[in-house]
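Next come two complexes built around chain A: one with chain B, the other with chain C.
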Partner chain A sequence: MTRSFDVLVVGAGPAGIAAAVCAADEGREVAIVDENPHPGGQIWRIGRENTEHGKVVGDAEVWMRRLDRTSVQSFLGWHIFDAPAPKVLRAAWGPEVAELHFKSLIIATGARERLLPFPGWTLPNVLGAGGLQALVKAGLPIRGKRVVVAGTGPLLIAVAVYLRQKGADVVALCEQASTSNLLKFGIGLLGQPTKLADAVRFGWQSRGIPLRTSCWPTAALGRDKLERVALNDNGRAVEIEADYLACGFHLVPNCQLVSLVGCVLDGSYVRVDEFQQTTVADVFSAGETTGVGGVEAALVEGQIAGLTAAGARQKAASLLKERNATRRFTRLLDRTYALNPDLRRLPASDTIVCRCEDVSMKAVQGNASWREAKLQSRVGMGACQGRICGAACEFLFGWGMESVRPPIQPVPVGSLIGTRAENF
Partner chain B sequence: MPEFILVLVNEVPVRVERGSTVAVALFVAGVPARRSVNGSPRSPVCGMGVCMECRAEVDGVLHSRTCQIVCEPNMQVRTQ
Partner chain C sequence: MGHLVTGQGSTYDVVVVGAGIVGAACAHFLTREGLRVAVLEKGIVGGGATAAGMGHLVAMDDSPAQLALTKLSLQLWRGLLEELPASAEYRETGTLWIATDEEEMAEVRRKYGLYSSMGLACEVLDGEALAKAESELRRPLAGALRVLGDGVVYPPVVAQFLLREVAERGALFTGRSVSSIEGNVITLGDGTRISTGYVVNAAGCSAVDLTSGFVMRKRKGHLIITDRYPGFLRHQVVELGYLKSAHSVTADSVAFNLQPRATGQILIGSSRQYEDEGAAVDDDIVRKMVERACAYMPGVARLSALRIWTGFRAATPDKLPLIGPSPGNPKVLLATGHEGLGITTSMATAQLITDMLLGRSSPIAREPYLPSRMNYEAAHA
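Showing the complex of A and B:
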C-alpha cells in the first residue's frame, strides 16, 4: 500500500493530535500514525478505562473531539520502522506494510521512562512507575497490594495518587531529588498559575502517602519475584516489604525517528527553532522529543508545528509567547529532577545493565563509547534496541547514542524486504 | 459491573476483566512472561511496548508484545 499526504504526523499523543488538527483545519491532507490502538499517547491513555470516571475529560476530551471532526486519516496500531528515501516512511501493522509519502513530516514520538539498573531490578514485579500505572489502567488488579513508588519526577506523585485511588497500599514514595530542590520547584511555579494549581491538587491528594526525599532503591530483593525493597534514605539503609516496586527516573525523549531521518540532536533532545522546524527541511518535531515539558508544552508546540507545516506561519507566530512560558517550565523540571550523581554507583559489577542480552555492569564499564560497548559486550543489541539500557548508559557513562539504523522497531523479515502481506 | 473473560496461560484458565491486556493476564496467572538469555524470569516492565520484557507467544505468534495486545476470550498464551 502506498499513500501520499501533505502532512504526515507520527505520534498521536497531545503534540501529534494538536499538530494534525491544526494542519487539517488549514485544509491540508493529513495522516497520523501511532503504534498504540488508541490515540492519546501515554498521558491521555485510553482503552479499557478512560482517563477519569469512564470518559475522556479536560484537554484530552477537547482535542480528541477536534480530531474526530477533521478528515485526518488515522493509522493506529501501525509502527514506523524505516525511512527508505527522503519524504517517505515505511510503516508496519503485523505483516502489512505501508509506504507513506509526505510533503511535511511532524515527529511527535514523545518520551519513555528512564529506568536505571540496581541490584535486583530484573526481578519480576519490579516495573517502571508509569509502567505499573499503565498496567493497572490495562486491568491489573492492585487493590490491597503493597507498592513502593520510587525514582524521580512529577510522574511519581501522580502514579502514587492513582494507585492509591485504585486501592493499593502505597507504602513509600521515594523521590531522589532533595527537599530543597522540591521547594525551589514550588517557588518556580509561582509565576505559572495552572501548574501551581496542579501541584497543590496533587499535594492535597497525596496526603497520607509517606514521602521520602533524597531517597532511592538500592536493591530489589526476593527469590522468584519481589519481596522487599532496600532503600537509601538520606544515607540510611532501610528495608520495606512490598509486592511491587514502581521505579522510574523521569523521562527520556524517543528520538529514534528524528535521528533516522537525519535531524541534529542537542544532547538527547532534537534541535528545533521556535517554529518547531528541525535541521532537516520540512521535518518538524513537537512535544517531549524537544524537551520534557509535559502536556501543555506538547499542545502548544504541536499547534505551532501543525500550522507551520500547513503554511500558516502567521497563526503559528501568535503562539510563540505561550511557547516561551512552557519552555521555562521544561527547564525548571530539568533542574528540579536532575539525577544525583550517587545513582551512578547503584549497579554492582554483576548487575544486569542490558536486560535483553543479559549484559552485566562489568562487561559494559571500561568501554570508551556506546558503539565500542555494543561491539564488545552486545549491550543494547537486543530486542529493545537499547531503548532501556541506552538511556541508562547515557547517564551512567555519559555516552551519546550516535547511530540509529532501520528497522527502528522489530518487524517480520517479510516486512523488512518490502514483501506485501498479500504475498504471504 | 466489570465483565470477566477467560484466557489460557500455559493451558491454565485465567480470569481477567474484559479489555485487559495479555500482560495483565500473565501477572494474574503469576507466571513470568519469558526467561532471559541466562534463564532468569522476567515480567513486564514499561507497560508501553518499549522494553520487550513482556514478550510471549500469543495465539501461535512468538515474541508478541503482550502489553500491546488486548485479551480475547479463549486466547492461547504461552510463556517463552
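Showing the complex of A and C:
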C-alpha cells in the first residue's frame, strides 16, 4: 500500500492529535500514525481511567472530539520502522506494510519511562510505574495489595493516586529528588496558575500516601517474587514489606524516528525552533521529544507544528507566548527531577543491566563506550534494541548513544523491502 | 627478510597498527614468540570490519593461493578453540554450498574433488539429503557440498581475547590514531613518536593512508540480524552462485548467505558494493538481499529483523590479501586487504608475519600474498 499526504503525523498523543487537528482544519490532507490501537498516547490512556462514568473528560475529550470531526486518516496499530528515502516512511501492521509519502512530517513520538537497574529489579512483581498502571487497567487485581511506588518525576504521584483509587495500599511513595528541590518546584509553579492548580489537586488526591523524599530503592528482595523493598531513605537503610514495586525514573524522549530522518539532537532532545521546525526541512517535532513538559506543552507545540506545517504561520505565531510559558515548566521539571548521581551506584556487579540478553553490570562496566559495550557484552543487542538498557547506561556511564539505523522497531524480514513484501 | 633486530633504543620489537582481528592475531602470535609488542588502534578493539562481518570460518577456493591460506587458517583456528571464551560463540556449523541446477552440481563435484584432495572433510548431498539437512530451504534444489570443518565465531570478542596479553602488559593503546609511519618511527595523531623494530600495518581499509605503494578499495557490505529462532537453521548456507557474484571485481552484487548464531539468531547476508563510502543502509541493496534470501529460504520473510548494519571490506585488485614487507619501506609489514575473508585468514596472516619476522619458513608458500606482486602487476598492466 502506498499513500500520500500533505501532512503526516507520527504519534497520536496530545501533541500529535493537536498537530493533526490543526493541519486538517487548515484544509490539508493529514494522516496520523500510532503503534497503539487507540489514540491518546501514554498520558491520555492513563487519563481516561480518571474519567467520570467511563467518559473521556477535560482536554482529552475536547481534542479527541475535534480529531473525530476532521477527515484525518488514522493508521492506528501501525508502527513506523524505516525512512527509505526523503519524504517517505514505512509503517508495518503485522505483516502488512504501508509506504507513507508526505510533504511535511510532524514527529510526536513522546517519551518512555526510564528504568534503572538495581539488585532484584528483575524479580516478578517489580514493574515500571506506567507498566503496573497499564496492567491494573487491563484487569490485574490490585485491591488490598501493598505497593511501593519509587523513582522520580511527577508521574509517580499520578500512578500512586491511580493505584490507590483502585484499592491498592500504597505503603510508600519514594521520590529521589530532595524536599528542597520539590519546594523550589512549587515556587517555580507560582507563576503558572494551571500547573499550580494541578499540583494542588494532586497534593489533595495524594494525601495520606506516605511520601518519602531523597529516597530510592536499593534492592528488591524476595525468593520467587517481591516480598520486601530495601530503601535508602535520606541515607538510612530501611526495609518495607510490599507485594508490588512500581519504578520509574522520569522519562526519556523517544528520539529514534527524529534521528533516523537526520534531525540534530541537543543532548537527548531534538533541536527545534520556536515553530517546532527541526534541522531537517519540512520535518517538525512536538511534545516530549523536544523536552519533557507534560500535556500542556505537548498541546501547544502540537498546534504550532500543525499550523506551521499547514502553512498557517501567522496563526501559529499567536501561540508562541503560551509556548514560552510551557518551556519554562519543561526546564523546571528537568531541574527538579534531575537524577542524583548516587543512583549510579545502584547496580551490583551481578545485577542484570540488559534483560533481553541477560548482560550483567560487570560485563558492561569495563567498557569505554556504548558501542564497545555492545560489541563485547551484547548489552542492548536484543529485541528491545536497547530502549531500556540504553537509557540506563546513558545515565550510569554517561555514554552517548549510536546513530540510529533502520529498522527502528523489529519487523518481519519480508517487510524490510516495503510493499513488495506481498510477493512472499 | 632477515632476523628481527631488537634493541637500539626501541621500546617495542613490533608495533601493530590496528586492533581488528588481523592485528589482534598478529599481536597474539608475536607475543607468544616472546617479542615485545604494542598495538595502536584509532577506535576500539574489533570495531571495524571485524565487528561488521559474519564471522564465518570457511575454506574458499577462488584460487589455489586462497585455498592454501584458508586451509592453513582453519588449522590454526582449531588450535585456538579450546582457549576461546564461551562468549566467542564458536560453533562448528559446517558450510552448505547450495546448487540450484545441474550446472552448479557439476561445480559441487569439482569442489568436492579439490577439497577432498586437500584433506578437507566434505560430502556431496543430493536434493533429498539437502532438504533433510536444512528443512527451511525451498524445494526442489539440486544438492549441495557440505564442508564439515567450517564454523562460525563472534569476532569482536575473539579480537579482545587475542589481545589480552598485550593489554595486560599495558601495551594496547585504543583511541590512538597514527598519522604517519616513516622508516621504523610511528607518529601518532597527537604528535607522540614511537620508534620500533618493525611495524605491522594491519589497519584494514585505512592501511593505504599510512603506507604508500599499493592500491586497495573499500567494498561495502550489509548484514541483517533477526530475533532468536533456535533450530531454524543449522549450517552456514551459501549459494554456489556466490562464487560468481562475490568475486566479480567491479559490479555490485548480492548473494544468498545465511548464518545461524549461537544465540539462535540468523544473520542474513550478503552484499558487495563499490563506490559507496557512506555507512547508510542502502534500501535497494537490502531489498535485493531479502529477495535473494527468500528465493532460497521463503520462511526467512516471517522472521523478525532486529537490526541492519553496514561495513567495509579492504579489497585488493587480485582478491588476495597483502602479507609481507611493503615495497617502499622494509621496516613495515603489511597485513591487510583481506576483503571478506579476514576473520578466517587472520590466523594464517599472523603465522606468515611471525615467520617472516623470525626468519623462519612457513607451512605454505608466501609469494602469492607478498605486497611486491602489486608493483609487478602495475608495471605490466
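Quick note on the criterion: the second predicted complex is superposed on the first by the 410 of 424 C-alpha atoms of A that agree within 3 Å, B and C clash if a C-alpha of one lies under 4 Å from a C-alpha of the other, contacts with A are read in each partner's own complex, and residues count from 1 in each chain.
Following the convention adopted for this analysis, a contact is a pair of C-beta atoms (placed from the backbone, for glycine too) under 8 Å apart; a residue touches a chain by one contact, two chains touch by 3 or more.
Given the structure is predicted, the values throughout are model-derived calculations rather than measurements.
Participant: Should A:375 be classified as contacting the first partner (chain B), the second (chain C), both, or neither?
Facilitator: Touch partner of A:375: chain C, not chain B.
Participant: Thinking of the overlay built on chain A, is A:187 touched by chain B (first), by chain C (second), by both, or by neither?
Facilitator: It touches nothing on chain B or chain C.
Participant: Is A:281 touching anything from chain B or chain C once the two structures are fitted on A? First, second, both or neither.
Facilitator: After superposition on chain A, A:281 lies in contact with neither partner.
Participant: After lining up the shared chain so the two structures overlap, which partner does A:411 touch, if you call chain B first and chain C second: first, second, both or neither?
Facilitator: second
Participant: Once the two complexes are aligned on chain A, which partner has more residues of chain A within touching range, chain B or chain C?
Facilitator: Chain A has more residues touched by B than by the other partner.
Participant: Applying the document's definition of touch, where does A:383 land relative to chain B and chain C: first, second, both, or neither?
Facilitator: both
Participant: Would you check which partner chain A:85 touches, where first means chain B only, second means chain C only, and both and neither mean what they say?
Facilitator: second
Participant: After overlaying the two complexes on chain A, where does the chain B footprint on chain A coincide with the chain C footprint?
Facilitator: Shared contact residues on chain A: 382-383, 410.
Participant: Could you pull out which chain A residues touch chain C in their complex?
Facilitator: Touching chain C: residues 82, 84-85, 95, 368-369, 371-372, 375-376, 381-383, 385, 405-407, 410-418, 420-421, 424 of chain A.
Participant: Name, in rising order, each residue of chain B that touches chain A in their complex.
Facilitator: Interface residues on chain B, with respect to chain A: 16-21, 23-24, 27-28, 32, 36-38, 40-53, 55, 63, 67-68, 70.
Participant: For chain C, which residues count as touching chain A in their complex?
Facilitator: 44-47, 51, 156-157, 160, 174-175, 224, 226-227, 268, 280-281, 283, 286-287, 290-291, 293-294, 298, 300-309
Participant: Under the definition above, what is the set of chain A residues touching chain B in their complex?
Facilitator: Listed in rising order, the residues are 35-37, 42, 47-49, 112-113, 115, 122, 124-128, 130-135, 138-141, 224-225, 352, 355-358, 382-384, 387-388, 410.
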